[in-house]
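What follows are several structures.
Note that chain A is present in both complexes that follow, paired respectively with chain B and with chain C.
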Partner chain A sequence: MSETGTVARIKIWQSNVRGADWYYRLRQRPGLQIVFVLLAVVLIAAVFAPVISPQDPAAQDLYGKNQWMSADHWFGTDYLGRDLFSRVVCGLQTSMAIAVTTIVITFVIGTAIGSYAGYKGGWVDNVIARVIDVFLAFPSIILALALVTLLGSGILNMIFMLSIVQWASFARLMRGQVLAEKNAEYVLSARAAGLPGWWILLKHLMPNCIMPVVVLATMDLGHTILTISTLSFLGLGLPPSIPEWGSMINAGLDSMRTAPLNVIVPGLAITTVTLLFNLAGEGVRDITDPGTDAEGSL
Partner chain B sequence: MRFGLVLCLIATLSLIAAAAGCIDSGSEKNVLIVGNHLMSDARELDQGTGTGTLITEKIIITETLVATGEDFSLKPNLAESWKMINDTTWEFKLREDVKFHNGDEMTAADVKFSIENINTKQPGRTTLIDYRDSEIVDKYTIRIRTNTMNPLLPAALHSPDTAIISPKSYDANGEYVTTIGTGPMKLASFNEQTGEIVVVRHDQWWGGTPTIEKIINRGYPNPNTRAMIIENHDVDMTFDPPYSEVARLDAIEGIDVLKFNTPRTYKLDLNFDHAPLDDLNVRKALAYAIDRQGIVDNVLYGVGSVATGPFLPTMAWANTSLVPYTYNQTLAKQYLADAGWTDTNGDGYVDKDGKKLSFKLLTYTERPGLVPMLEAISSNLKDIGIEVEEIAMETGAISPMLAEGDWDMYLIAANLAMVPDPEYVLKTWYTTDGTTNRGHYSNTEVDRIVAEGHNLITPKERYAHFRTAEGIVYDEVATINVAYYGVAIIMWDNVQGFTYDPTAHDYRLSPFMTVA
Partner chain C sequence: MNILEVSELNVAFPTRRGLVRASQNVNFSVKEGEICVLIGETGSGKSVIGQAVLHLLPQNARVSGSVRYAGEEILLISEQKFSRLRGHEISLIPQNPTGSLDPLMRCGQQVAEVLDVCGVPKEEHSSRTTSILSALSFSDPELVAASYPHELSGGMRQRLTTGIALAASPRLLVADEPTKGLDYAARKRTIEMFLNLKRRGTDSVLMITHDLELAEMIADQAGVLYSGELVEFGPAADVFSSPLHPYTKGLMAALPKNGMTPMPGMCPGLAQLPDGCYFHDRCPTPCEENHVHPLMHEVCGRQVRCSRC
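Take a look at the complex of A and B:
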């Protein structure tokens, strides 16, 4: 055991004790850094999609359909001669806009309901916990399908429906966290000091409970993008004029064997983005919660 | 113990191998294996509860009284001749040499039974017959009475739903047993699990001795699956793979692809209640803005053809003097300008009185060509400065929108020959009270011509009369006809003698095919 190794381990121990070690842990993980950089690229691409896409994603050229990759069309053209690169980038914007809005909504609603239930306890907690159970008992994709059929397609309906499907998992996690923390000594002392309940919840409990929920939110982003694509693939999501990966795959199925790019390009896009969010979610968990440090994580 | 298990396994495997040997009948001569899109259940085979197209056209075990020629004109079939006795009575003379599959002779009583069977069990399929009752004059003569005067009756009896079956298809309690028809093939077996239907030759068929010995009909609902099974030669013949696969399959050595028009048309219904679609100039602009040839070549991959009038030009009654609205953006923009729509604010869309021109375009997703066609049309319209909101959902989801009038244009693949006669389409699509006149087009001249035409009896008079109405609705752009529907039939070259019946639903098998 070398001297420097020991020093390093003492540093880790110190930073663990101080509880501000995430930056250090991140620096220890070059793989995770790459994931974050790629994710940043994806997010920037999503925000600036109209600027980045070299062509109008809706511009058709029937006579130039199903082309292979070229300098003009980096990812080739689709079955109506539209530029696949532009479509996949604009599809990213569509998916990200819906997914991020959904996650923000479910995060706020789920956290609020979950922490209220957990802190309040008693019959309020019982009722809310049962409601959460009911929502979680539904297979989410089937619930989503039922809601789409009921509400019709469109971006706003999609967000509404995904929020209904997903808020419960946030609420449950937050409730569990608050239940575990609410009898901790710092909470008891805050209560003894006569602080109001909402203050304790917001200022004391929230900061100590929120991190797992943030991890869930990050991982759920990937999951949400997958759900959006699934619904669009089934033809229940968005109108055909809005470029979206799932509907691109569905529309490209018929030309799968003659012009595989129609399917491969959006398929790879879904895989990549979902994978990035999952890796990032796991990474955030690892660097914020030393207890779950697993072998082979990034 | 272990040895016993192994023995069992070997026994099972050899059983499976033996069974597989039985199933593989591809090597037999004149046995045709067809990959159909229907995944049928037993009810489908019953003339009373099923769809006639399966039993009459796909497995050819039943026949109708009236047939049609290639130009959709009526031809004798099980009925030798027919005439109108009075306003509500038609008399049909039957062939005297027709034998059912069980050897019984076909008589007027069987015809009465068959028509009443479908009329009672599925009245929706016999509305065009307008059936009241029938009278058996003698063994080979029947008089059919209608509720109102019905010159369409012989044409309506061409519908495969009115196929003639023996009453012995049912037991004493009226329960379905099997389908006993008069067709060139007879039902041998139906597998409820797999949906596989086997029919064999009917030696006593009145039309001669069929060359085909056996037809095995299997259901493959997915177009991609049909493309794969024909490529592997699991079946000798199939139809309608994904349109994009047609050229690839055609290039395979030994596979032939035949493309035909079917009596169905892709058309845009226009909502005349929504201004400015009531403006002829705007409608003409739309008609000229659509690149029909581009759509047929690149969206339908040549499965279909460019449409002019509502009827296929090969139909005996079609008005062939119609001038096509050939793709012309300049002309389309000119018509828009004539109607007062120009792009005054430079946003790329035409506007009038501060409002931009915007349409809601609907279609349903069940037929493969419709959604990409919707996208192509919407792009064409955008090119002349019209904004389009595209909506493509399953029929169930769009029918409420249609019912509430929440649409401007509706892309639909509509059947043209429910009956081989022009009156049906002209009346239901274009008269003021027409049942499928969704956009509320109304022209008193058209109403009058169609009403008058109803009283004409001979096909020749009728066809000439209705041509005028077709000309008017075409010139007024009552609907925009985009393309005639096509079917792609794919066969291995060991199949010979297939003839296409343009009046069939997709295709009708011929008894005189051979399979090497």
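Take a look at the complex of A and C:
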């Protein structure tokens, strides 16, 4: 850290503003600021997808199929003449809605189960830890395939299935955090002060354990979007009526050589969003960890 | 009246090297309004006694004996029953003030949550917290209450943990090495604080320490632990001025003001204790035969574990 950086740091510390350290570490990282801005654009686009998309994503125009980029169709048209830009934006909304819901569900369930197991210990912890192991040992795509076959396609089924596949990694991380933290002296003195167990868990352990789980959640958002696309690519995720990036790639495969935009546009969309979430995850880790320095990170 | 009576307390931990007997047949009592100090070197089992009194032993500990608080057996009662005593009946001043404060919670909140447990209404929390903090000679209690632990100095944290322990005005205070890791000034303040407690005369304190000077200044009763056993217990003034057990004598001689004479040898490992007297190998005046384990017996109004006394 440079000399001026240290001075600024001390000033921020002395200013006694809560959260100033985060802000300071974010300010040191222009790359990360760009990532957060882009991510904000993506999130806004997802929320306002129907407003943003210039045309009906389902409107076919067989005379104007497989067009290149133009003023009318920014990203060209697909093999049925549908506007690719509108379809990508609507696909973004679908993916984000599913991914965010899934992550919220798995975050809540995973942290609750994981922290309970870690705090309780004994046979309860043993049973839960083995269950987590079983879920993690199962290849997630295979498990997802089995569940889709069982439940059928659809957005709600997709969320349910992804939650079942992913809660275990949150639970394992949270359990490990609580296990490491629960023998800390402040927990012992909280117990000695007569505080009830649930209070210690909620007010003392959770805040001290949650940060790595938040980082995992941010990174897992990208991962989940990738999984959704993978499943739809395999034709197992969502019904074909819903625009989705994976199924768009799959449908475009046949005409890939003559109309590459059919594959490139949704492919780039998947890559960009996944990359943004991964970078944001790393960024959240960096700015919440006082031990990291700006050099060598975004 | 005895507020705490510990009798035949045994604590052992099963390990790969065998059973580690951290505390053996410990007998002592703390009278109401008195300060009882247990002295011992690292590994003599002194912290284990405090943890046993507070039900804070690790789950694998094997405990037997009896601990009576105000006449009521508390050693082997359920966690649920015991948790009612915590905070407002028995409380702990923890060993390490830095680690014992939640780094993510404001200091005032950490005092207030103890008040909450003891049924103090929410509206009174902030005023009570402020008065507790100012009683511990914080110059700006409101600022301290609004700070996070890392913003305080080591000595301030020490006083804060004491404030948390005293928040619900417990009848018995267990202080586990309150001067450990403190610099001279902070240590002096801590000693003054305990002297204040002593002058008030209402608090009963069980203190565990290896700080002999602190013990000498504040103790009413003093016990000396060696290899998990009490070797001497009695009125502090007598124990410090005319020690009877050779180990106590050695400790006193090792004090800077008494010439800093080191004691030769090491204490035996708690997993492989000899049959006879544990202190035999280091004793300056050893008995010829070391087959029989010496028992506590009364000499000049105190308990001593030495067959020579």
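Operating definition for what follows: the second predicted complex is superposed on the first by the 272 of 298 C-alpha atoms of A that agree within 3 Å, B and C clash if a C-alpha of one lies under 4 Å from a C-alpha of the other, contacts with A are read in each partner's own complex, and residues count from 1 in each chain.
Note that a contact is a pair of C-beta atoms (placed from the backbone, for glycine too) under 8 Å apart; a residue touches a chain by one contact, two chains touch by 3 or more.
Everything numeric here is computed off the predicted structure, so don't read it as measured data.
More chain A residues lie in contact with B than with the other chain of the pair chain B and chain C. Touch criterion not met for A:120: it reaches neither chain B nor chain C.
By the document's definition of touching, of the two partners only chain C reaches A:204; chain B does not. In the complex of the two chains, the chain A residues touching chain B come out as 58-60, 62-63, 65-66, 79-81, 149, 152-153, 235-236, 239-241, 251, 253-259.
Against chain C, the residues of chain A that register as touching in their complex are 121-122, 184-186, 188-196, 199, 203-204, 207-208. On the side of chain C, the complex with chain A involves touching residues 54, 56, 59, 83-88, 91-92, 94-96, 99-105, 113-114, 117-118, 161, 164-165, 167-168. Touching chain A in their complex are the following residues of chain B: 223-224, 227, 242-245, 247-248, 291, 294-295, 297-299, 365, 368, 371-372, 374-376, 378-379, 382, 388-394, 397.
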